[in-house]
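Per-chain numbering from 1; labels A, B and C assigned in written order.
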Amino acid sequence: MKKTIVHLESLQKNFGGLVAVNIDSLDIYKNSITGLIGPNGAGKTTLFNVICGNLKPENGDVYFLEEKITSLKTFQIARLGIGRVFQISRIFKGLSVRDNLFLVPSKNTNLEVISKRIESLLNDFGLIDFSDNYAGILSYGQQKMLEFARILMMDPKIILLDEPFSGLNPGEVEKLIKIIRKLNSETDIAFLIIDHAVSIVLRLCERVVVLDQGKIIADGLPNEIEKNERCIEAYLGRPFDV
Amino acid sequence: MGIQVVINGILLAGVYTVAAVGLNLIFGVLRVANIAHGEFLMLGAFLFFSLTAVVGISPFISFVFVGVLIFLLALAVERFLVERVVKQPMAISLLLLYGVSIFFKNLGLNIWTSNYRSINIINRTISVGGLSVSLIRIIIFFIAIGLTIGLAVLLKKTYIGKAIRSTTQNPELTVACGVDIKKVRMFTFALGAILAAFSGCFFIMIYSITPEVGSSIILKLFAVVIVGGLGSYLGTFLGALVIALAEVLTSFYISTQFGDVAIFAVFLLVLIIRPQGFLGERQYV
Amino acid sequence: MKDSEKNNSIKKVIVFFLIVLSLVILPYFLSSYRISFFITIFMYVVLAYSWNFISGYTGYVSFGQIVFFGLGAYAFAILTSNFGMNWGLAVVLAAIISSLFAVPIGLVMLRLKGPYFAVGMMGLSQFLAAIAFNWKSLTNGAVGIYLPPVFSLSTIYYAFLGAMIAIFLLTWKLENSNFGLRIKTIKEDEEGAEAIGINTTFYKVFAFTISACFCGIAGALQIYYLSYIDPYVAINMSLNLMMIAMSLVGGMGTMWGPLVGALMLGQLSEFLWVSFPYIYMIIFGCIIVVIIAFLPSGIVGYVTQYTQYRKDRMNNLIKN
């Protein structure tokens, strides 16, 4: 029986008259790699915003490990273990690379342990040479690496990735896929990934959820989704009846 | 007596609306909170004063002159100063315009001293069924409405008006359509400034003011825009009504200084409870 | 590497102590007029650092920190004249009162973004001024309150010196601690900071309160010095402007910026106020405009960026 890490119940989010998200029930399982796809405006990023507390839903609740987190503030949700990597790199460019990691609140307060952790993360992500430089001088790919390193400082139990592959060249895409797979197998971090590159998502994720106009229209294995007519319709539109 | 005060309040709202609409325009296009707006109002008022009362030019011609002069001045301010900071965080442009306002305010105090000035063009009052209102206020109200309508026409029908509206909604797309957005910014800033200046002319015909009027009025104008809602012109008039009425009623029934307290209280309350105002668009908040 | 770093730190601490020591001894050699001059400069430094603490580091630019100066000022005046309190205690209480007000004000106002916060604070300071004018039973309105004159200027000198050292050290701690790093993230990217678990509200309000506390102390001491208060003196808009200008010119969000700015503009203003009062403000307006337009990170900011840029270039060259 798979254990649930994030559970959405009767979740509804409106913007004025527009229903952005309308999900009866959704479970994200521990240590899973789940993809979240759908055409533009389907509500994917809005869903992330609701889960992370940036937006409050009109109806329904978000549960994290059986705890209701709907009314919590963003930083509290982050500290519980929900990490988020945004579409646009949000590292602190005016601070040093090391400081970007150093300031992350973590449960451990032992300075030595934290320093060691930072060193090892910087090493793993190829940033050790830039430790004392302003994060702003890093290349785009390196900034993404830094974001990952930073998220890991938080000891997250699930990482929400919003379009992580956008702007990366094929080599970097492979690298990122490797990192995600490695983290998923070595730790028990779950991943929930939004991306427009459907092919990458189908390749990487063990389960894919498809959103269209706020509702889940499909949920299953990648090869099932690939063949699912409703999904194809959602992306490409219905053919004209001649 | 109370109704009289209310009528004066409504007429005052007209004046506030003109200036506040200018503020709204500037924010919409440049994304800049023009803290120097009050100073443009002051400059308009006192230039009008100097031209009319000191040099002796007819008020109508002075009015036009004021428009032209302030337009040119504002163009220069935008082109050489504001333009440099439009891409930076709002704090920077705020500080820049703060400096500009300090500069102009003290320049005004230097030129015109801190004496109270006023212009009395028409001294007649109209009496209707027990109420008497000064004719000049009524005329000004209608000119203010005329200006607002003129502005609406400009925004709807002319090329520059459409450019302004589209820049307010989507700057990138506007540039992609081949519009010279820098010119739009310059024009809008100058347009906003002359609206403030005209409002100043009205002011000095109704009240006695000193060059300090800029600092005291800028907060009221922000209050108007915030209460009414950024981005909505009808909202601006409503906001002006609220603020003007709050001001005149408290001034009349309690004291003038309490008028100020009341306005600031309304302003702070709205900021806190409903920053988007009556009809404003949430995205700005 | 570690040894020379240690040596450096020891040197810095020694220099710091020497400077403080000389400032402590200074009054014995100075005339009353000179001591007054230093008192004014110290006050400027305190105000500049206070403004910098919130506006420079969190990015929430306040156009009305003077409101706390005013609160501290009136608190001091009322405590000493109505309650006959000892001046030292009154200053401490004034600081506490300013801080206590700062928390709810901060919680409310710091929810507002950019221009709303700036103008909101400006509105708040005018609001306080209006209250000061109207609540005559408490503040005596525009007539003001007269306090017994001070005989020992040195006392005020040392009080301001203490406040100056305190806020300086607090700023130093901000620049050199994890706590301070988190405050800085608010300016960089508040939402991003929240996403990694930083309680931005707490850090914002903290910085705001420290700022308010020291503005309150400055206000109280200023009133002690002047032996008089009225709404203009308490909610002193030209001081409000000075606070902002000094930090700006020196460099917002830097360790030394407010000091450089306070010293430069402090000198300039003392020199200028002898001449026509309105011209002096015109020049200030110009200075702000010019600095923002051409040197937005201030003198210290510019110098730091330049040296950092060269350091980074050297780094890159060495690696390649």
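By our rule, a contact is a pair of C-beta atoms (placed from the backbone, for glycine too) under 8 Å apart; a residue touches a chain by one contact, two chains touch by 3 or more.
Predicted model only: the values in this text are computed from it and were never measured.
Chain C has its Cα centroid nearest to the centroid of all protein Cα atoms in the structure. Chain centres computed from CA atoms place B at the largest separation from chain A.
Averaging C-alpha coordinates per chain places the centre of chain A 47 Å away from that of chain B. For the pair chain B and chain C, the distance between C-alpha centroids works out to 33 Å. Computed centre separation for the pair chain A/chain C is 42 angstrom, with centres defined by C-alpha atoms.
Within chain C, not a single residue touches two or more of the remaining chains. For chain C in complex with chain A, the touching residues are 178, 181-182, 184-185, 188-189, 191-200, 308, 312, 315, 319.
Of all residues in chain C, those touching chain B in their complex are 55, 59, 61, 63, 108-109, 111-116, 118-120, 122-124, 126-127, 130-131, 133-134, 237, 241, 244, 248, 276, 278-279, 281-282, 284-289, 292-294, 296. Chain A meets chain C in the complex at residues 52, 54, 73-76, 78-79, 83-84, 86, 90-95, 99, 102-105, 129, 133-134, 137, 150-151, 153-154.
Listed in rising order, the residues of chain B touching chain C in the complex are 33, 35, 80-81, 84-85, 88-92, 94-96, 98-107, 109-110, 215, 219, 222-223, 226, 255, 257-258, 260-261, 264-265, 267-268, 271-272, 275, 285.
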